[in-house]
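Read from first to last, the chains carry the letters A, B, C, D and E; within each, the first residue is number 1.
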Amino acid sequence: MLSYLLSRSHEPGRRPGKLVDPEPEERVGGLTIYRMDFGGGHSPQERRDTDFEPMLEPLPDASDHALAWLHFQGDVSAAQLTRLGKKYDLHPLALEDVLNRGQRPKIDVYRDTLFMTLALPHVVDHAIAIQQISLFIGPNYVLSFHAGRHDAFAAVRERIHAAHGRITYAESDYLGYCLADVVVDSGFVVLARYNDELDGLEETVFDDRSDDLVGAIHDIRRRLIGLRKVLLSQNEALMRLVGLEHRLIHADNRPYFRDMQDHAKRVLDLCDGYRDTAASLLDTHLSLASARMNDVMRVLTLIATVFMPLSFLVGVYGMNFDTKYVWNMPELSYRYGYPILLGVMIVAVIAMLIYFRRKRWL
Amino acid sequence: MLSYLLSRSHEPGRRPGKLVDPEPEERVGGLTIYRMDFGGGHSPQERRDTDFEPMLEPLPDASDHALAWLHFQGDVSAAQLTRLGKKYDLHPLALEDVLNRGQRPKIDVYRDTLFMTLALPHVVDHAIAIQQISLFIGPNYVLSFHAGRHDAFAAVRERIHAAHGRITYAESDYLGYCLADVVVDSGFVVLARYNDELDGLEETVFDDRSDDLVGAIHDIRRRLIGLRKVLLSQNEALMRLVGLEHRLIHADNRPYFRDMQDHAKRVLDLCDGYRDTAASLLDTHLSLASARMNDVMRVLTLIATVFMPLSFLVGVYGMNFDTKYVWNMPELSYRYGYPILLGVMIVAVIAMLIYFRRKRWL
Amino acid sequence: MLSYLLSRSHEPGRRPGKLVDPEPEERVGGLTIYRMDFGGGHSPQERRDTDFEPMLEPLPDASDHALAWLHFQGDVSAAQLTRLGKKYDLHPLALEDVLNRGQRPKIDVYRDTLFMTLALPHVVDHAIAIQQISLFIGPNYVLSFHAGRHDAFAAVRERIHAAHGRITYAESDYLGYCLADVVVDSGFVVLARYNDELDGLEETVFDDRSDDLVGAIHDIRRRLIGLRKVLLSQNEALMRLVGLEHRLIHADNRPYFRDMQDHAKRVLDLCDGYRDTAASLLDTHLSLASARMNDVMRVLTLIATVFMPLSFLVGVYGMNFDTKYVWNMPELSYRYGYPILLGVMIVAVIAMLIYFRRKRWL
Amino acid sequence: MLSYLLSRSHEPGRRPGKLVDPEPEERVGGLTIYRMDFGGGHSPQERRDTDFEPMLEPLPDASDHALAWLHFQGDVSAAQLTRLGKKYDLHPLALEDVLNRGQRPKIDVYRDTLFMTLALPHVVDHAIAIQQISLFIGPNYVLSFHAGRHDAFAAVRERIHAAHGRITYAESDYLGYCLADVVVDSGFVVLARYNDELDGLEETVFDDRSDDLVGAIHDIRRRLIGLRKVLLSQNEALMRLVGLEHRLIHADNRPYFRDMQDHAKRVLDLCDGYRDTAASLLDTHLSLASARMNDVMRVLTLIATVFMPLSFLVGVYGMNFDTKYVWNMPELSYRYGYPILLGVMIVAVIAMLIYFRRKRWL
Amino acid sequence: MLSYLLSRSHEPGRRPGKLVDPEPEERVGGLTIYRMDFGGGHSPQERRDTDFEPMLEPLPDASDHALAWLHFQGDVSAAQLTRLGKKYDLHPLALEDVLNRGQRPKIDVYRDTLFMTLALPHVVDHAIAIQQISLFIGPNYVLSFHAGRHDAFAAVRERIHAAHGRITYAESDYLGYCLADVVVDSGFVVLARYNDELDGLEETVFDDRSDDLVGAIHDIRRRLIGLRKVLLSQNEALMRLVGLEHRLIHADNRPYFRDMQDHAKRVLDLCDGYRDTAASLLDTHLSLASARMNDVMRVLTLIATVFMPLSFLVGVYGMNFDTKYVWNMPELSYRYGYPILLGVMIVAVIAMLIYFRRKRWL
């Protein structure tokens, strides 16, 4: 997760705002453009194409209350972004951030546009990845870029078609909110997976003793460390949005922004909590492992303490001293030497067991 | 506890403000509505019903200084909430938060209403659960929703009937405070349980060695991690309330809000303190376990160090070398071979004991 | 210490400001009232009684620059507080806080009075306890309540009698400061005890190996966790006092408030530092314990490594194979069999010792 | 890294602003001066020399929109700095900071100049070092000092020659930004190395058991602790720059500053994250080591538990009691004594294995 | 270090501002007074005496731009301070702080004077101690008090004599800055020692196994905990000074204050960093110790696992069963019994070694 923030960093000294195509291995593969035109009294129109140029036209009419939403799914090239930048008068630094994935989530305020980069946590092939979402919110257009393959915003297009609720007002800030809200709520989906993972680990921690557990806990911790950094920035960016005074932002939409930021904080709280839980889990695992080791050691000590003296005793009477001298092991020639020795050993064992019992080792 | 914040999350892309009934397994079962009408010179009237529509009437009269308090205990359906929203002109996002339990405690300020979600910690079947309380505070009404079964606000109804103290002024902000205060003070009840649990663990930690203890400490830590997140938000929300300038809030009631927030901070401090205590307890447990292991190892080492050399010695004289050669174990044929050997062994043991005593192992 | 914050919590739903006598087991036993009248050109007058009503009279005269200080040592009953509240026009919430001990230290500002609750750390029977001090500072009176038995403010009464320094101005805020200053400086006395305790533990940690040490460290940590929470609130309350603009507060007294808050911060810093020191001490204890265990294990391993092979060797020549066959242990019949074996064993031991020396185990 | 902040500290009592040449061992060796003149309608001119005085001339003309950038690579002497200070009217404290390397990154605002010290993380001979960059930003000049050997700003000179983009405006604040941006983005390069190091350690932690790993983790932690302190200050300084109102700062350049600070924050986040990852890695290593030890101990205990009783048994029948007495080891004379004993031993072993299996040690 | 904050605390209830001589054991021994008169067109004059009264005269003339600096090195008595307080109209609380050493570093602002207490870290007899420096900055005088023996400000007197740089302006705030700067920069000297200590420990941690190391790390941690608290307050006090608007503070001197605070922050950063490094060092030591223990245990287990079964085997053939029965150890009478047994044992050892190799214990 942390590597998300590292990916595709500037090389030091490169011209800011210089658009460079991502490396082939960083590409997602393919580009699909969705265009929705709605509001202004017309029924919503959806177009979908892989061809770039024709999708830009017609420019939405500023006087009309219509809104054009262009969504770029996949890899946009530097050339295409330059074209877009000219058409919509976008700041080159913002365009660069669209291309250089791995931005900290943030919001940049320009005179006529708002630019946001967000981090969409997403489950790809059973692993959790973070994908960058970039948003330009203009007076009569919204441009969104998703550096991933799955169609995250299908539900929003559905809602536009359904033409129900506030979205029909065709306000660009509300549409931007809808998209950002999808990103924020995806956090719950991903964190629910962490919840399940941790629950699973918690169950195994009390009966398992394999190394896998330690590896799994470390893995989950490391991922949560990274995810937390990203979510923290996302929360900060959204907090800034809530307090933002800008001509593009309608006062009536503020409660929605607040609600979204509230969700972002909740996601962050969950992430924090899971990180702490994982740490506590490792502590617990260590405690249990040490408790089990104590058990093992106790058994070893019991066995050794009982049998070493006994073995010594029987070893004594296995010596070959010449018994013709009366001082050399006269016990060997006693009539009841063997039973006496057995008796001594039994008494010794009983005494040791009582001692252990007192020490609470038994 | 943490899972409280996760429960019933939005699915990404759903229309904000869209009211969706909770899943059957999340329902509490049944709905009871309590209605209190008081103030305005009339004696307090209480009605209780499971039927929705008739309880809404009559609308409280704005000019009169009367107040209507509707309390919804249990599951409110999406349809009923829509109806309420229309009647009292409530914001759809707030209504959604009533339905989607697991909100972070917060306060949302609208022009004519205040909306609060609070988290009521409660002991259900010997386990501690968090239940959502939602409050709408309007000019002449208070709507409260409790997603649980026990009747948490009975004492407040009693106080209204008793018609004593400030509650008789029938101010909606004061009534809201009374309800929120119940929620905050419930924190003490729950934390007193944690106190008892920790005291119990503390006693066992000094004489117990079972794995249960580690599990219990992990469990309590995990729950306190979750509870803390919720209480932290609750405290923040109440701090916002204390500083809030709003036409619904009477200056004379501010000391009460301050007092409540003070309690919330105290609950949070306790929660923090217990979390630290639990961490310290685990450290202590680990230290004690390792001290006990040291004891065990010392005994093992003592035994082995004493008896291994002795066993070796007696083993030597158990060998069957042909003693007809004078170089082969002539000791065996000494007149006092055996007593000499015993003497050597006794001296060796004494020397070792002195060594151990010096090393402080005895 | 933490339990101080828990003690005597509201039961949820109780009427705020309702005065309830403390439970018998929470009572301190007895009530002594001290009254000092001074300033206004008169010489200081001290009265002491256990009787409540007569001590309230006469009311101090507002026009005169005189000040009446009533100090209630021990248990004040709900009825008495109600009486006081009426006489001095005190807010019911403040009165409730006097009765419900275990408040977070705080300062509440009313139009004509300041109300403070403070936490007095005190050594009772070799244990450290926290006792609540409550202060009402009015224009011409100061009411102080101490839920404990020892006479903490005797020195202040002495200073009034001595009629020396700023206290002779008979300003209620300065008297309040004097009382609060006693509370703050008591922190040093208590922390000096912790200092001694930690110094004592530090000495034993380097030569002791009993479980008591771990218990003692845990105990001190737990107490410091609780004390810290209380002192933190106290420091915050005093910081608020320093910045407070109120008609009762004279600008000339501000340096004294600042000085007091400075002491409170210093007490808090010390408390923090001791908590960290205790944590470091536990780490050290664990490290030393594990170092000692390493020593023990090394000895065990040395002994076992030396004597197990030797015992095996002598065991070999203790076997009873029929030596009439030339392949069966011909060594037994060698003329120098025994000396050769002894030589082999000595060489083996030397080799092992060299190996251990290289491994740095010796 | 931490030692960067310690290097070349003031000796207490030295006159502030007194310029003292660095100690010989702190010198980098040699001084190269680069001068770029550009803007004002002229094509960019680059000069490079090791001679000091001639490079200062001609003074850039204030009325013209031209900019002179002097870059001092290597060791500047106290005398040269004094000369510069007089020529450009620079504050003596700033000059002192140029000479006394190891400054916390910061920004100092003077009436006509901005002075920044930055910390350039750089890979020298496979080790990561921090080198100080100092910048004076004046109305028509930029002075930069780099206490290192590699030519960090070559790319910026290239961009000036290329005469493309905003840099052609020849604004001193934009040029300053370009230089600071190189410093900030160098952080990514260095952190990518830490990323690789940690990835490498993570792989070895799961199969390695050498001490080197612990040393490597400690080393990386220590370096990240130091780096973090420096990056934290750098981020703070840049945050101050973003919010700075100064006649030298053009509003149009603010988005660039914001973008740079964003990168600085991202670098800091990465650094934080790696520190946490390293801590988690050590925990994991410890857990794995303790798990492996448990395995070892279990084997030891198994072996000892199985063979000690058996050895005792066979020792018993190796005793030399006089078997002419019927009570002395009559088993020796049984016809099936040996097979019976073998049977008993086999049964005992099987019983113990079952016990261990139940205890989950096998 | 922490005990610095505890030393000489108020006894609760003492009159604030009451000057009490320090206990004999807290005295430094002797008092030397240095007086410098400079500025106002005169050449600097230095006087040094142990006699108090004559050094106070003549009072510096306010209209003249002259400055008198009185430095009190050692123990000032309560009586002398009272005398000073009257002569210079100093606040009694400030005087008390001069006498009661162990103040948190702070700055108190009075109408005509600034009062600062600072903590001077100093190496005395190879140990690091903190000594209090108190400063009164008035319009035409500076009073400084140093509760220690070494002459910390000699370099400042030299600079006054040298009559070079800003100090010749004879501004009291600049002189105060010079003195405080000496205190701040002394931090670097002391932290350089910690740096060396930690470097030394770091080297031993990788080859040492004595308990001393743990004690040394604990000791350094504890000292850094205390030092950090003091430096934190010092940094805060200086931050307040930087932002202070006061008639005694000249705008032109602000850059110097800023520079000093910057140094104080750097000292604090270093202190923080060393504390973290010490913690990391202890972790490393523990990891290494546990790794070494693992090695020891592995050897023990190897030896035991190899020799216990072998010893058992040879024990079997040392039994004395009556071999006249054919079932009793017929192996003893085999022609090749002994070689066969040796072969079996060699095969067993090889098998075990292969097993251990697979388990990576060899």
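The rule we apply is simple: a contact is a pair of C-beta atoms (placed from the backbone, for glycine too) under 8 Å apart; a residue touches a chain by one contact, two chains touch by 3 or more.
As the structure is a prediction and not an experimental result, all values here were calculated from the model.
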Chain-touch separation of subunit B and subunit E, in steps, is 2
Tell me the angle, as a multiple of 5 degrees, of the rotation that maps subunit C onto subunit D over the C-alpha atoms. 145
Geometric centre distance via CA averages, subunit C-subunit B, whole Å: 24
Centroid spacing, where centroids are CA-atom means, of subunit A and subunit C in whole angstrom: 40
Two or more other chains are touched by the subunit E residues 286, 290, 292-293, 297, 300, 304, 308, 311, 315, 318-320, 329
Can you tell me, using the touch rule above, whether these chains form a line, ring, star, complete graph or other shape? ring
Cyclic order, anchored at subunit A and moving toward subunit B, comes out as A, B, C, E, D
Can you list the subunit A residues touching subunit D in their complex? 2-3, 5-6, 9-18, 91, 93, 97, 103-104, 106, 108, 110, 209, 211, 214-215, 217-218, 221-222, 225-226, 229, 233, 282, 285-286, 289-290, 292-293, 295-297, 299-300, 303-304, 307-308, 310-311, 314-315, 317-320, 323, 329, 331-339, 341
Please name which positions on subunit D make contact with subunit A in the complex. 152-156, 158-159, 164-167, 178, 181-183, 185-186, 188-189, 191-192, 195, 206, 255-256, 258-259, 262-263, 265-266, 269-270, 272-274, 276-277, 280-281, 283-284, 286-288, 290-294, 297-298, 300-301, 304-305, 308-309, 311-312, 315-316, 318-322, 325, 327-329, 359-361
